[in-house]
Amino acid sequence: MTFWNNPINFISTWLTGVLTGWRLPAALSTILLYVVGITVLIIFAMTLDIGLVWIERKVVARFQDRLGPNRIGPFGLIQPVADIIKMVIKEDITPDGADKIIYNIAPVLAATSVIVLWAILPLASTIYGVDLNVGLLYIVAAGALGTLAIIMAGWSSNNKYALLGAFRMVSNMISYEIPMVIILLVPTILANTMSVRGITQAQTGMWFAILSPLALLIFLISAIAELGRSPFDLNEAESEIVAGFHIEYTGMKFGWFYAGELLHAFTFGGFMAILFFGGYGGFFGLEKLAFFSWLNIPFVQALVFIAKAMFGYWVIMWIKYSVPRIRIDHMLAFNWKFLVPLSLVVLVNTAVLNKVLIFLPSWLYVLGMFGSNLVIGFVTVEILRAYGRKQRKAEQKPGPQTQTQEQAL
Amino acid sequence: MSVEHGPGRLRNYNDNNSKSSGLITGAFNILYGKICASCSCKTTLWFLGAPMQNEWLYIGLFLVIGIIVPVVPLVFARLVAPRKPNPIKQSTYECGIETVGDSWVQFKAQYYIFALVFLVFDVESVFLFPWALTLKQLPLFVVLEGVLFIGILVTGLVYAWRKGMLEWV
Amino acid sequence: MTAEQIIFLLTGALVLGSAIMVVTVRNLLHAALWLVASLFGVAVLYAILQANFLAVVQVVVYIGAIAILFIFAVMLTRRELMEKGRQTRPNWWIPALLGLLLLTGLVLLILNIPGINRTAAALPVGLDTVQALGTALVSPDAYVLPFEVASVLMLAALVGAVYVATVDKK
Amino acid sequence: MSIPLSWYLILAAALFCLGLYGVFSRKNAIAILLGIELMLNAVNINLVAFWRYLNPTQMAGQAFAVIVFAVAAAEVAVGLALIISVYRRRKTVVADEIDLMRW
């Protein structure tokens, strides 16, 4: 029974016993334990990543009314393995004039910046890497490493398109990092902690998605932009700059950019589940009933978490394959003139209301938070509508319309 | 003793199923009592003594292994993949035509302006995190301090907006 | 020598080695990337010092924002730099000597402070440093004024930088 | 915490001196700013080390370090904006050549 209640602890206790039985010093055995745990976690993430390749290809095929991979293995399930073999045995070409060291570091850094996110991902109440008390900022910090990887890749390739793609991608990522950081403050305020595990536990009774739906929306948008997925995939706009920052990469180095992007998307789906949908828990108190006590089993929780993360990933895919690309000037204007002010309003609203309404009974608190979000959303939409009306009126009058497209590089 | 980190997470959280707490206390005793006593110096467990250390050690190891894992297939690919470089293959890609000019094309300074605005906002919004953690404990005026902080931030945004710096010219 | 000391020495080697590269390497973009490595090492130092918040903020602010800004600036100006061979002044040995003298003086000074070889006690149990920092930053009897003034400073920097960097519309 | 406080101070001193060397020996204005960043970080290491070793419940060191972050960011923003602006007008980033106000 203990194994099912707390598998990690069970295994670690057992392994510690084994290792100390070999007369290893306690410190060394703990480090060994860490290494084993980390390796298992990363291998799990990588296996999931391979599965994601298949899911991504299948889903995009369905969106485009195709079948997708269906030749290798049942339903094409072995396809990603074949992809990997192909990538590994492809010739690795380094372009002339490339800055070799930086060129080789960039894909590794891109993959690492995603993998390290798994250190703080709580898969279940007792299955997680580490419970960092600055977890949310850790996510942002890992994103900073990813930005660096992209700029390194673009610069070292010695290619115009790569550099342009990197510049676009980086200005995109850093711009949308602002609403993301601001909106990460909302769960922080609601849960009164920055640890992802604490945020999950704070949502056992009520999802933050209900307390602050606007925050969820802004987080989703900025997460998609951080990922550089369509409609924000200017970095790899095929029709303009061919493939963006990874244009010169071949074989497995390209593979890491690709795999990193997929795992990143899934991980952000996971973070969306953690921050707004209760992560592995959040059953609205259902798990306290005797009949539903199986919901507390860590492996069930992990399955619930993966399902929620898959849902987030699916939403990201859904948007990716149904929305056309946005022009860079529109994209940056949308961020700085719309998302940043809106996220600041949501933040102030959450901070003030959370302080004022906390004394009320909980149903009034929830209603107040939800209602205030609705009001903000409504007002925003009205302002946008009035602005659009004004814009249309101005367009009907013949005026100096000098906004041309080719200026928008 | 509040070591609660790592795969060898050693304390039972107040989860609903605390039936196993006896066993976990036992594990605790094994880890902290007996091992410590057996090696006769408590300081060897330096990273277990301090919980923070513990979590950063874990993240450091995670970073190292997270670097090794992507490197392994690259090294493997280096061993098995063919390597027949020639000048044409290695020339920089430019849609099939010969590469024209330097890769160092002139950039719009606008990218830089956005990075400037970003830097200021990034620093400021990061500083709001400690503030956000105190809201529950401290009285309402603390919220207002934060609102003042955000207000000053917004002034900057409004200035940049009115100055036309947020336009992509 | 405990494991912690070994980690500290490795990190220190990373910080100082990268810093040496920052000040000597010719390619400015490489210098900026070495700066990233050095600053990352400093973040590790903060982690060893159990300043969790500062460790993460160091990565977010320095690597995610300041280094990116440096790289952008290098890319906007680099064309000029490739041609002009030497990156150091001809009389570079004077600052080198100055730095060495200063270092010697500082080290002698540091080693002569009584009780400088003290080691730190463990943090008080239950002290959440992030929360304590937040309380310190917003309490009127602590650092609320610097906190708000920092905001004003950033505002001034933003206004100034945006004004200076504005392209003259001719 | 088995590291003596002096180690941190010596490391910070060395970092500071390296930054100083960078500031005085480099021609390029951007490289000079890089040196200044190193010096600011050296100061921060000291602040945090003193916080940790002297009185961890008193958050003065960390609060100061946070303010230094803000100062560093402001300095980089304005400094690089100036350099870019000068570069646009005079096509140079070499500090010695920006000498219009010298005499």
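Order as written gives the chain letters A, B, C and D; numbering starts at 1 within each chain.
Assume a residue touches a chain if its C-beta (ideal position, glycine included) is under 8 Å from a C-beta of that chain, and two chains touch if they have at least 3 such contacts.
Model, not experiment: these values are computed from the prediction.
Comparing the centres of all chains, each the average of its CA atoms, the largest separation from subunit C belongs to A. Looking at A-C alongside B-C, one finds more C-beta pairs in contact between the chains of B-C. Among the chains present, the centre nearest to the common Cα mean is that of B. Distance between chain centres (mean CA atoms), subunit A to subunit C: 29 Å. Centre-to-centre separation of subunit B and subunit C, using mean CA positions: 17 Å.
In this assembly, the C-alpha centroid of subunit B lies 23 Å from the C-alpha centroid of subunit D. The mean-CA centres of subunit C and subunit D are about 6 angstrom from one another, to the nearest whole unit. Listed for subunit D are residues 1-2, 66, 69-70, 73-74, 76-77, 80-81, 84, 88, each touching two or more other chains.
Each of the following residues of subunit A touches two or more other chains: 27, 132, 134, 137, 140, 163, 167, 174, 177, 194.
In subunit B, the residues that touch at least two other chains are 43, 46-47, 50, 59, 104, 107, 109, 111-112, 115-120, 122-123, 126-127, 129, 132-133, 146, 153, 160, 169. By the definition given earlier, chain contacts exist for A-B, A-C, B-C, B-D, C-D. Subunit B makes touch with subunit C in their complex at residues 2, 43, 46-47, 49-50, 52-53, 56, 59-60, 104, 107, 109, 111-113, 115-120, 122-124, 126-127, 129-134, 137-138, 142, 145-146, 148-149, 152-153, 155-156, 159-160, 163, 165, 169. In the complex of the two chains, the subunit C residues touching subunit D come out as 2, 4-5, 8, 12, 15-16, 19-20, 22-23, 28, 31-32, 35, 38-39, 42, 45-46, 48-51, 53-54, 57, 61-62, 65-66, 69-70, 73-74, 76-77, 80-81, 84, 86-89, 92, 94-96, 98-100, 102-103, 106-107, 110-111, 113, 116-124, 127, 129, 132-133, 135-137, 142-143, 146-147, 150, 153-154, 156-158, 160-162, 164-165, 167.
Residues 1-2, 66, 69-70, 73-74, 76-77, 80-81, 84, 88 of subunit D are the ones touching subunit B in the complex. Touching subunit C in their complex are the following residues of subunit A: 27, 102, 132-134, 137-138, 140-141, 143-145, 147-148, 151-152, 155, 163, 167, 170, 174, 177, 194. Contact residues of subunit A toward subunit B in the complex are 1-2, 5-6, 8-9, 12-13, 16-17, 20, 25-27, 30-31, 33-42, 46, 84, 87-97, 104, 107-108, 111-112, 115-116, 118-119, 125-126, 128-132, 134, 136-137, 140, 157-164, 167, 171, 174-175, 177-178, 181-182, 185, 188-189, 192-194, 242, 247-248, 251-253, 255-256, 287-288, 293, 296, 328-329, 332-333, 336-337, 340-341, 344, 347-348, 351-352, 354-356, 358, 407-409.
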